[in-house]
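Order of writing sets the labels: A, B, C and D. Residues in every chain begin at 1.
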Amino acid sequence: MKEYCGVFGIYNSPNAAYFTYLGLYALQHRGQESAGIAVTDGKRITYHRDFGLVSSVFSSEHLDRLTGHTAIGHNRYSTSGASDSPDNIQPIVVSYKHGQMAIAHNGNLVNALELREKLEEEGSIFRGTSDSEVIVHLIVKSRKKRFLEKLMDALSQLKGAYSLLVMTNKKLIAIRDPWGFRPLCMGELNGSPVFASETCAFDLIGAKYVRDVEPGEVVMIEKGEMKSFRIPGSESARRSQCIFEFVYFARPDSQIFGRSVYQVRKEFGRRLARENPVEADIVIPVPDSGVVPALGYSQESGIPFELGLIRNHYVGRTFIKPQQKMRDIGVKVKLNPVPGLLKGKRVVVIDDSIVRGTTSRKIVRMLREAGAKEVHMRISSPPTKWPCYFGIDTPTREQLIASSNTVDEICSYIEADSLGYLSLEGMIEAAKGSKCEFCTACFDGDYPIEVPDSIVEQAKKE
Amino acid sequence: MKEYCGVFGIYNSPNAAYFTYLGLYALQHRGQESAGIAVTDGKRITYHRDFGLVSSVFSSEHLDRLTGHTAIGHNRYSTSGASDSPDNIQPIVVSYKHGQMAIAHNGNLVNALELREKLEEEGSIFRGTSDSEVIVHLIVKSRKKRFLEKLMDALSQLKGAYSLLVMTNKKLIAIRDPWGFRPLCMGELNGSPVFASETCAFDLIGAKYVRDVEPGEVVMIEKGEMKSFRIPGSESARRSQCIFEFVYFARPDSQIFGRSVYQVRKEFGRRLARENPVEADIVIPVPDSGVVPALGYSQESGIPFELGLIRNHYVGRTFIKPQQKMRDIGVKVKLNPVPGLLKGKRVVVIDDSIVRGTTSRKIVRMLREAGAKEVHMRISSPPTKWPCYFGIDTPTREQLIASSNTVDEICSYIEADSLGYLSLEGMIEAAKGSKCEFCTACFDGDYPIEVPDSIVEQAKKE
Amino acid sequence: MKEYCGVFGIYNSPNAAYFTYLGLYALQHRGQESAGIAVTDGKRITYHRDFGLVSSVFSSEHLDRLTGHTAIGHNRYSTSGASDSPDNIQPIVVSYKHGQMAIAHNGNLVNALELREKLEEEGSIFRGTSDSEVIVHLIVKSRKKRFLEKLMDALSQLKGAYSLLVMTNKKLIAIRDPWGFRPLCMGELNGSPVFASETCAFDLIGAKYVRDVEPGEVVMIEKGEMKSFRIPGSESARRSQCIFEFVYFARPDSQIFGRSVYQVRKEFGRRLARENPVEADIVIPVPDSGVVPALGYSQESGIPFELGLIRNHYVGRTFIKPQQKMRDIGVKVKLNPVPGLLKGKRVVVIDDSIVRGTTSRKIVRMLREAGAKEVHMRISSPPTKWPCYFGIDTPTREQLIASSNTVDEICSYIEADSLGYLSLEGMIEAAKGSKCEFCTACFDGDYPIEVPDSIVEQAKKE
Amino acid sequence: MKEYCGVFGIYNSPNAAYFTYLGLYALQHRGQESAGIAVTDGKRITYHRDFGLVSSVFSSEHLDRLTGHTAIGHNRYSTSGASDSPDNIQPIVVSYKHGQMAIAHNGNLVNALELREKLEEEGSIFRGTSDSEVIVHLIVKSRKKRFLEKLMDALSQLKGAYSLLVMTNKKLIAIRDPWGFRPLCMGELNGSPVFASETCAFDLIGAKYVRDVEPGEVVMIEKGEMKSFRIPGSESARRSQCIFEFVYFARPDSQIFGRSVYQVRKEFGRRLARENPVEADIVIPVPDSGVVPALGYSQESGIPFELGLIRNHYVGRTFIKPQQKMRDIGVKVKLNPVPGLLKGKRVVVIDDSIVRGTTSRKIVRMLREAGAKEVHMRISSPPTKWPCYFGIDTPTREQLIASSNTVDEICSYIEADSLGYLSLEGMIEAAKGSKCEFCTACFDGDYPIEVPDSIVEQAKKE
């Protein structure tokens, strides 16, 4: 089970549920399968969760019923799809010895199976299959006395990615794993602290970005007071912020890891142009994620930028597949070339990555059918060779075309005239800010945490 | 939280999910709020659950997806209504150290709060608020080795009502508490063991009734073999089968506690006639539960039976209440007197019980408006004076009109010409079979298990 | 297309839409496939209609939006089922030269096809396939000047059954065809005139029954004034009230054609007992329509009445049929014998009619399996030999078992020990009041209006 | 009632309904309120229609049931919103003297009211309020003999915009009004003729564009043969293709009126740059319609193009508006500025048009808050001063800011540093191809057909 996710939280604000709804709206791109909001009025946590987009999960009646001043919310995408259990929808809300607790989690743990087995050994009972349920159990099972100690006890056992919001009837706590895999931003709205996976959620509600929750940091707000703590042992963890957030996942109008996604993404395009120049007539993106790097490529190379492929934004999950053979309908229903524009042109087409290669091949063919004389594919990241175990959905090594093929072989498979990737060094150089260190495991296999074989095997089966 | 419920289970049968669907259909009267089916193919438990009637919760697609040979199902009615959590819908399905487990529970525990607190003290985490979740935790937490031992360990800690079906990937287990509060019947369909709250579920699928699961009995089926065990300490428990099942709750075409509900209910009417005779022209029931005792009353007294009140069976939960004042619309939408029939008549009207007295008063008035000259109310059970803590929804003592009013006072409140109840002795006499002993606490306050004050207080708050 | 229907109307009342909603609730048994309400505030007709039961078609939001003082409503059942067009849901609302008009129609016309063809010849356009649309066109097409004249012009062309409510922005009109096939009652609620197919709708809203709309009468209310007119030529029409309404269709607590349905239905049972006596131990009904005649049979014969078959009232249209062979599941899901009650008994079982004979056979078998020693079927109407073309759903002659089989042959087919029908004379005698004359065509083929061959042929195809 | 719409049709093809579904998918941008498909198998027209997006209106079960070889479909957006009648959803399907007919209509008639009154005078009955129903009546009412003659008779009475698909059980007919207001393209898929509002529908199904249906042309296909006819009197009509389709409405990857929307739209931007130059640091579009002209502006001016505003594509109709005052939440939920990018920059922002000015003002403010030093608004069309009566949703003259304000006044209202519009001449020059003549009434008030006062008044009331 791999999960993309978006999280949002707000402390002590009127309309907490409604702001959380807006925040999830802005973070919808991080998870379209289910959504949930839990809210507390200081005495009781209530919640509403369901499968679907934020806009279909919540009616105004739902929001009206979610009364309280502090709330957390969660958007989720899981690779196991429609057959997934409702027990996995977050926030997870439980009651235990000291009251109620709700958590919203973005990321994947590499030792979840191991921890789960240990917990089950000690008598823990699980409703769902998500990593996140493990965290709740560890907190509750801790023999420490105070909540913060229990929490620290639990966190110190986790290995992997977790940007986490924990809410009790009295506290709101924001946590980022020591490696800092996934983003988690802190903001402020009329004096109320807010947290979100990306700053675009702050923009929508008119909140100000304050700073990132730091890797290894625990920010706890209680009785109106905010305190910061360090996860024990977090100092020794290698900073490993997910560089793929810049490549594909985050919204371009967001700021994460202290940098503008737009600026970084454009710089990827500029460097790509310098590293992989080609003589051509136009630069076109594969929308939406290729648009910004294509702009960078165009600006650097001087080759004009055009929107040669138009995306149909009405396509959703409910599209009915054809019963009979209609080649490439999957790609065509999303993308369509602009007629005339490509005719006789030498085209540079910019995409963010190549996974299996099949979509790229369909795009190359589509461009040629639209009259392109040459098609030069440029990718705004290095070849994706290794699966991610920290929260990005990737297929197994076997399915990643770049894991067993050279760039030339891939170029030939996708039927392009040339193919160029951004170099790893170029990418890191483009992304890094003052204190940025990245996880680049999907490109170089250098996992910041050892990944147990069991996890690798499990991923293959899914 | 008080719960009516119906449970159904089937072991090693083709179409297990479909038979369970039919069984729940037949048991729909025991719970209309939510329904669920869990099924195992021997390796994995899958399930589907939702709010609503059986017919709306399950589509044929759902049933097709629930592949497996062994299944359990649950219908539920909870007094907390629409605001209830989806986490309470049964069967509860969990995974733990030794695999997966599903349970379906009918009944209420009086020491659930106490057990829950103890479990939470030891680190247990609860998703919902139902008693049933406690049972799962006790099983898993037991330090015994084998599953049966763990189960026995858990059961021996429970006080209260539980007719329980437990399913693992290898076993189906049917359990009835030592007191035997709620019914649980065993049947057989083409060699496959089946279990159901009432025998009407067997009739629908063409299964044969074999016998009741005995109070204190644990029937375990594994590898095709059925074994019977006793819950430790169950011998000392006083047999306390719920006599109210005969009065109101069970379907008249069912057999429970070894007796035909129809026959017992009619005998209630006969004795009621002997104990409370009156000169009258017709006997009419308050449908549906008053029909059978009214037949008995008529046959014993010789006063002709008529269907003087017609029930609208299309009335469901979704009826829109009037915004403005329309007196008695609640009763009228369900019941309507037959015009002409009652005019100038002395009417005996038979109901199963009087709770608050308000509905009875509306019925008496309705009959008078329809022309009845005299209205004699006869109740086929003794005055309901005490709340039930074992699975029947009753209001608090304060709200029960008979707890603080004499029969004369009640008669005067409901504006009847006379009022007569069946005596406790008469009722027991009518209901008892060879080995029948009953819980009559709602009539005499003689609770078979001591009810903790905390439970009494909690019930008041709901 | 054959249609059962219920209609309701109210003039100049606060909460007109809500009262209509209640009225349709009470008339739900007359049509469960779709429901609709049209309301006028004197300037504009608005409406809401959909497939489903009244309770699922209307939310309180819908009722709130249907503002106005005068309303009509319609419940519908069509034999063509789910594939039916939404264009057929009533009330039909149209706009034409002189404004808007809404109509709600119960009944079937025998010259609808002919009229439709003529109208189409003159350029009329039809959206749906119902007879009712024809009536609207005839009114609008009339060359008469005033609305009442146009209406009369239209009505004088209709042959067949129509109990009709017509609403314009200024008028409410209630009409019953000259033969008087279907019922239509007039009542009064706080000074507001109300109309309904049956009086049970008046009871629910607290309205008083005033009188029936007479066969051939047009009751028009405008500017608060009620006037009565006669359909031209209606004097010569033979009064032909549908006796089958008493047998099966109407609710027992209703009064139609000036008589109590309950009283008539019970008298059917009494006469049935006199005409077809048998020595037996118990009389049981096939619920629900057999209950009242069974009471009559029991009272006349002195044989005790018992509820030997219990009906599951939760069974709706959405029941999932079994994929594999499960014999008789269709009947069993609705009816279940009371165990024990029938064992060794000689049973008289009362049903309202036998159509194809298959259900009766299943019931006889079910009773024998439940232990009945003898099963004597008694039917509270004569053999059904002819199809109805006036609003009751019957199969073709070929499918009616009584059209080609003697009573003995039917008895043998349904495997009963004896079979007895009520005689036609007995039935008429029982039903008739001071001015009651009936259509008995389904029993004797004596159609009050000649039925064109085209209609007979069309019915066969459906 | 003003309507945007998209139409699609296919003749004699396997999977006709599925191709129509895909066609409507591609045309979803032309109408998101309701969708419908009607299909014929040569004998009977069946259809499915409902409110909602194509993806939610049709399930695979619906498509499976729509069997036939010829189909038409319709997407619709109406300004009257949710309160709109289901009777207005297209295709309209009727039966009349000669059989069944279905029509799908894009456009608005200016003499619909007048024709409707005349038709009502002659006895026509209308179910809905759309112009399109008038067309059906005119065809059926015509006294001509053959269908084509009737059709021509009807068309010759219409004044206004109509791109029309008419389907009978034997024919498919595509029609474009003499003025040619709305587009209608003809294509071919494996020998089957197809028609669509825009060519992007052809691209998705793999059909080839053949040519436009010409203004005033009637293309009729029957028995596999295609014939072309002219609407009587169409020669004298002034060619008046809607230039606003290029500005805003059509998809950029479509070809309409014989020209690539993308190319024309970019040329708008180029000319805008030449006509309204400004010294600036970046050019940014208001997405999505401003993107292509912004590219043109950038290329012509040499000022770098950036995506300074990001659009949230998950925003749908169901967004819950804030109860309390949250200023500008409406715009922000759709658009968000890229942080950092705009800081200290002189920004040229390109939009397609200004209607009331309020949105533009919010955008200008948003850009300034994001740090823009100067904001220069450039509009890729002339000032919108006049309402459209031919199928584009525009407010009344009074609400159009440009109808009563100079460019300077508008600039001051929207708080921009400068404001420039494309000139009418520049726009026409950019759009025109070999035989292109345009309706520019929304800019210059020069309506190609006289608009009756009644229509102008009616539009004001809506």
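Basically, contacts are C-beta pairs under 8 Å (C-beta built on N, C-alpha and C of every residue); 3 or more make two chains touch, one makes a residue touch a chain.
Here the structure is a predicted model, which means the values were calculated and not measured.
Enquirer: From subunit A, how many touching-chain steps at minimum until you land on subunit C?
Expert: Minimum number of steps from subunit A to subunit C: 2.
Enquirer: For subunit C versus subunit D, what separation do you get between their C-alpha means, in angstrom?
Expert: 49
Enquirer: Rounded to the nearest whole Å, what is the centre-to-centre distance of subunit B and subunit D, using the mean of the C-alpha atoms as each centre?
Expert: Taking the mean C-alpha position of each chain, the two centres sit 60 Å apart.
Enquirer: Subunit B to subunit C: how many Å between their CA centres?
Expert: From the centre of subunit B to the centre of subunit C is 36 Å.
Enquirer: Which residues of subunit A are in contact with two or more other chains?
Expert: Correct list: empty.
Enquirer: Write out all the pairs of touching chains, ordered by chain label.
Expert: Inter-chain contacts occur between A-B, A-D, B-C, C-D.
Enquirer: Looking at the complex, which residues from subunit A come into contact with subunit B?
Expert: Listed in rising order, the residues are 65, 83, 86-87, 93-97, 117, 120-121, 123-127, 129, 136-137, 140-141.
Enquirer: Which positions of subunit B touch subunit C when the two form their complex?
Expert: For subunit B paired with subunit C, touching residues are 14-15, 18, 21-22, 25-26, 28-29, 32, 53-56, 58-60, 63, 199-200, 203-206, 209, 251-253, 255, 260, 262-263, 291-292, 295, 299, 304-307, 309-310, 312-316, 318-320, 322-324, 326, 329, 332-333, 336-341.
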